[in-house]
Every structure is written in C-alpha cells, then in structure tokens.
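Shared between the two complexes below is chain A, which pairs with chain B and chain C, respectively.
Moving on to the complex of A and B:
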C-alpha cells in the first residue's frame, strides 16, 4: 500500500524480502545497511530470537533520492522464514508493494524453497494480491558456497522449480559477500516504481 | 492499493493533530497506515524520535495484537496503551487501515488524552473518508 504525500512530494513504498528460513534475507538487509550507510539515517531494526533468527521482522528505511520530482522512501522488511511463523509473515506482508524472494541455493533446501513460494502465493492471496501481478524478483543466494564444495542447485534447476510460471527477473547472489545484492535491490525498486506509475495512469 | 493524499487533506490532518494534542502537552503524535507508512506527524520539538521505525513497529505490533484478539474470540482490540516510567504510548485505530499514535509523559492525564483521541479520530475520519471513497 504505497502512500503518496502530495504535500511533501514524497512516496513511501514497502518492499518485503521473503523466503525460507536461514536463506539470507536478513543478511541482504545488513549488507545494504553497511553499503548505504550515508543514506540511512537510522539504525536497522531487528526483532530476533536468542539464536539470532528473525522472530518478527527486520526493518530498514532507505532514501532513494528523487524520482520525477518525488522523494522516494523505500521501507525494506524481512519476514521470519521458519514454517511455524506463518502468522507473523502474513502480518508483515500487509500493504506490500514489491517482493524479493531469497531462495537458498543449497541442494538440501530445494523443497523448502518451493514450499516457501507456495506460502508467499497463499499469504498474498489473503490480501487479495496475486503472486503473478505483484512486482517480484528472485535471488538465488549462497552461490559463494560452491567454493566450499557444498552441493548447490544449478541456476536452471532453480529457475524450473521456482520461476517457470512466474517468469520474473532472477539473480545469482551471495548476500554474505554482497554479490548482486544491490543489483537485486535496484531491480525490485525499478519494477515496483513502474508498477506504481502504471497504477496512476 | 496505492492511495494519495493532497496538500489540503494533509494540512487538515496536521491541523487536527496540532489543535487537539500539542496544546495539552503531548510530546509527539502521528498518523500511520497499517503498512507502516507515516502519513502526518506533529511533535513538541523537545524530542527527536525516529518515527519511521516507530511506525513500522507500531503497525507490526498492532497486527500482532489483533491476531491475539481473534484467537480469544474478539474482532480486534481497537486501542492499545504501553506505560513507561516517563513516557507512554497510546495507539488507536482510525477507520480500517490507519492508526493514531500519541507519545506523552506523566503530566498528561490518560482520561483526557483518550477523550482527545476520540475527538481527533472523528475529525480525521471525516477528512480521510472524502479521500478514500472512489
């Protein structure tokens, strides 16, 4: 539910990082926080459990600068990935404008990726939103693990599993090292902003 | 769904916030939507709270408490109050999609605040209603 403030000429947009537990959603936000320190005026908010896993959400407000004369404020959120936290995931999705799906490239996580996409579809549907219509980008994370000899899913397999019907942009990435983290973010911002523009025409 | 508020509506909302709350000594008052966006805010100038983070947490908090309400068979809890040693926070729902949040200290009486909140909600509802009806 983006909000356009005509008085301040400001647009507020909500982007949610979704995906299975331990996939690197929070790591994405942490990398962005460190990389764009100068544009982020506040601390990153994280509601975590003892084991350092996201309990409710992480929140990072991010100033995009001006687009067509409007100040764009992007609010980045993550959700808890663990299956049992479905109610909390649904809460965070309220009013979402764009989604980054962070998939785990490890072979052992193949099924949890697929289940999580299905879960995203179901939870969007509770807000009468379609996964086929919402701005969405896939990020195949943890590609750096290939160097450690950990078996990874191939890009083609992941595309086939997750993106064969959706056909949205996807990136291989390493949130830990920062590879393609910014590229993913830029892509979802572009898609979200052009969707908003269309809505106004 | 994207919604737009123009200069006129936002001026009117800010005026309600200022008239109803600043005179009575409230530190900070702001209107947000359930997605966590900040619509309008006023503060006494004495404190610099990070209202964007507060808004995100408040929307999440309100959502969590509403889910709790459903579990015990209530539709919702339409207002919440968190008491601190020096500062307290009061949340109240405005229409279906908005929240009015006030931060105040011990000098403000909770009863009086609640009265002012309900007055302000009526006024804000009037302003937003015109905007939201297609």
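Moving on to the complex of A and C:
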C-alpha cells in the first residue's frame, strides 16, 4: 500500500515493472530517464551484473507535484527477470501499488511470459494481494523486431495467453525506440492513483 | 446543491501530460500554435459552418465563446474590434430566437464574417481606408437588419399588445442583441464617419469654388457679349 504521510501531506506510490528476463523492463525506465530527466530532475539507480543484467532492481523516483493537496511521489522499480532471483522479486514487490507487466513479443519467449505472469500472481499472494485486483497494465514489448524479420507473437495471441482473464489495459510497445513507453506509464499511474483514491475514501 | 468532486484521474492525467510531453505531442502543439498565428479564424469559421447546419444552444455557445476570445485578442485593433462586436450581437440575437430569428440575421452574420476574414487575412494587400470601407459596408448591413427587426417587433407589439402578458414583455426587453447606438457604435467608426464628413465638406468647398469660378467666367463672357451687342 502507498506510503502516506498525513502530517507532511505526502504520498509515495510504488510501481513495479515485472516480467521475464531480457524483456525490456530496464529499457523502459532508461527511456523515461533519458527522455524526461530535465523535467523529472532525478537520478536513476541501476544495479547490474557484468552481463548487463539487473541484479537487484532499478529504481527511478520522481515527483508529480501536488494532487488534491498532496505531494505525490512516484517510485518506479524493476525486478530482476531471471528465474533464479525470485527472492529479490518478492522483496521488490513489497508495498507495490501498481504493476506494469513487460512481456516479450518474441515467439520463442511465449512460455516464459506465461510463467512470469504466474510467478507475479504467486508473489503478490505472499503479500495477500490479488493479481485480479491490483492495478495492472500489460506491455507487449519489442514490436520493432518485426522489421528485422524476427517471428513475433500476434497481439491476439498475447492477449489470449496473458490477458484473457485479467482483461486489463495492454499496449504494443518498443521500449528501445520509446514507442508507447510513456503511454504505458501514464496508464499505470492513472489506474494506481484512482485505486488509491478509492482505497482512502 | 453539493458540488460534485472532480475525479482524481483528470488531475493526474493533466499532470502526467505536463511532465511527459513527447516530441510528437510538442510538434502537434507547435503546428497548432503556428496555425493559430497564420489562420486565427479557423475555429470561428468551423462554428459558423455548423450554424449553417443547425442553430443549437451548444453551437451558439461555442460561437459566442470563440467571438469573445477573438474580441479580447483584437481589443486594441480599431478596425477588427467592431467586426467582433457585431458578430457578438448577432450571435446573442440568433441564440435567443433561433428559428424565430429574422432570416436576414444569419445572412448578415455570414457577410460580417466574410468581410472580417477578408480584412484580417489581407495582411498589407488592403490599405487602411479600404478596410474601413469594408467595415462601413458591414455596419450599414447590420443597421439595416436592426431597423427591420425593430420595425417587425413594433408592428407585432401593436397587433398583440392587448393580449401580451407581463412575462412576454419582460422577455421582449431582454433581447440579447445590443442595439444601443452609443454602446454599439465603436470609436473607430465615429472617427471614420468624422473623416468622411471632413472629406465631403472639403469636396463641397472645392466644388463651390469651381462653380463660382465657372459662374464668374460665364458672367464675364455674357457681359462682354452684351457690350458688343449694345455697340452694334
């Protein structure tokens, strides 16, 4: 749940980018940081291993300014996608308010997408959160690879595989090129803020 | 009645748009701004075209809003400002009476708009005096319409005075069109009329001088001819 400081009139919202390894979670945050750094005036913290993989998490905080009299601070996190880092993923999910699931559009990653959604459901359950209730947005990433002749899953297939029961907003995207990165971010923040407002009413 | 609270999503979306404005959005906005500079009447023209199809409260509200915005922008322009004042008056009148409005009102509105567009977008093609002439023509049309409406209303009042209720009379007084001479006649128009007066006066003086000279000449010739005749 969001951290609310009534005295300081401050709200901290935690949004986690989840998904299979090498799916583009960090690339999403890097795009946001590189494109809007002059406006969000922040630092991105990324802890990587030698192979340029996320070891613990990436962290990108920024302030949205006052909304309904409260200073709203958004914290974007990524989790390490590799299967072996499940404990870290669980840890990062603590106190999460909204999730962006970055799925890999490559055909060869179909199974890992589905496993990762299941993993998200399980890890949320450890905090007594339901994947059906938490604000969630799907991002079908790497659509730009179609131009390179790499076989991709169709939007319909990805919807059927991942979103047929959840029925949450989804976007095709290219985190590398920035396509729909901001749209995804705006959507998850809006959904999360709306859910928090209902929760605090 | 308690005011309905605006949902948080509107505020969040607005803030997000401010923070995460992308280059594509920027270029769209810049294009719109450029368009607004080169063609400031775009929105007004679109609403006027809507009036051709349908005179509804919504369309007339949009029209009056856009006129008010432009009127404000051209507040210090002595030529443009009267155009917007006329459009405002016509708009309020048409909004009030809709289908019952004088059929000439929409025609005059279109004519005033066409003249406004011609004058505003002419840049330096038209001289100030030409612009004033265009404006005066439209003012004349506007005044003619006003006369017709007033004449129609007076004859209607005479016919139905006996059965008119108090509320109808109040409504009659509340006609939104601004027919007041003092308020409706802009300073620039008065200045133009004065200029015309001076011009006509000087023309008459010149004409009078020429006529006097011609008469003198003619009289001189006649008296010469008379003298010759008498000598014979």
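Just so we're on the same page, the second predicted complex is superposed on the first by the 197 of 201 C-alpha atoms of A that agree within 3 Å, B and C clash if a C-alpha of one lies under 4 Å from a C-alpha of the other, contacts with A are read in each partner's own complex, and residues count from 1 in each chain.
By our rule, contacts are C-beta pairs under 8 Å (C-beta built on N, C-alpha and C of every residue); 3 or more make two chains touch, one makes a residue touch a chain.
Bear in mind that the values here come from a model prediction, so they are computed numbers and not experimental data.
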Chain B and chain C placed together on chain A: clash or fit? fit
Does the superposition put A:190 against chain B (first), chain C (second), both, or neither?
second
*asked:* Looking at A:42, would you say it contacts chain B, chain C, both, or neither? Reply first, second, both or neither.
replied: first
Of chain B and chain C, the partner touching more residues of chain A is B
| said: Just checking: does A:169 make contact with chain B only, chain C only, both, or neither of them? Give me first, second, both or neither. | reply: neither
TODO: Check the residue A:182 against both partner chains and state whether it touches chain B (first), chain C (second), both, or neither.
DONE: second
Just to be sure I read the superposition right, which of the two partners does A:75 touch: chain B = first, chain C = second, or both, or neither? first
Taking the CA centre of chain A as vertex, the centres of chain B and chain C subtend an angle, in steps of 10 degrees, of 110
Touched partner set for A:2, first chain B, second chain C, both or neither:
first
Shortest distance over all C-alpha pairs of chain B and chain C after overlay on A, integer Å, is 17
After superposition on chain A, the chain A residues reached by both chain B and chain C are none
Seen from chain A, its contact residues with chain B in the complex are 1-8, 12, 14, 41-43, 45, 47, 56-57, 59, 61, 73, 75, 77, 87-88, 91-92, 94-97, 196, 199-200
Seen from chain A, its contact residues with chain C in the complex are 32, 35-36, 39-40, 62, 64-65, 67-68, 178, 182, 185-186, 189-190, 193-194, 197
Contacts from chain C onto chain A in the complex sit at residues 7-9, 11-13, 15-17, 19-20, 22
Listed in rising order, the residues of chain B that touch chain A in the complex are 1-7, 10-11, 33-39, 50, 52-53, 56-57, 59-60, 63-64, 67, 97
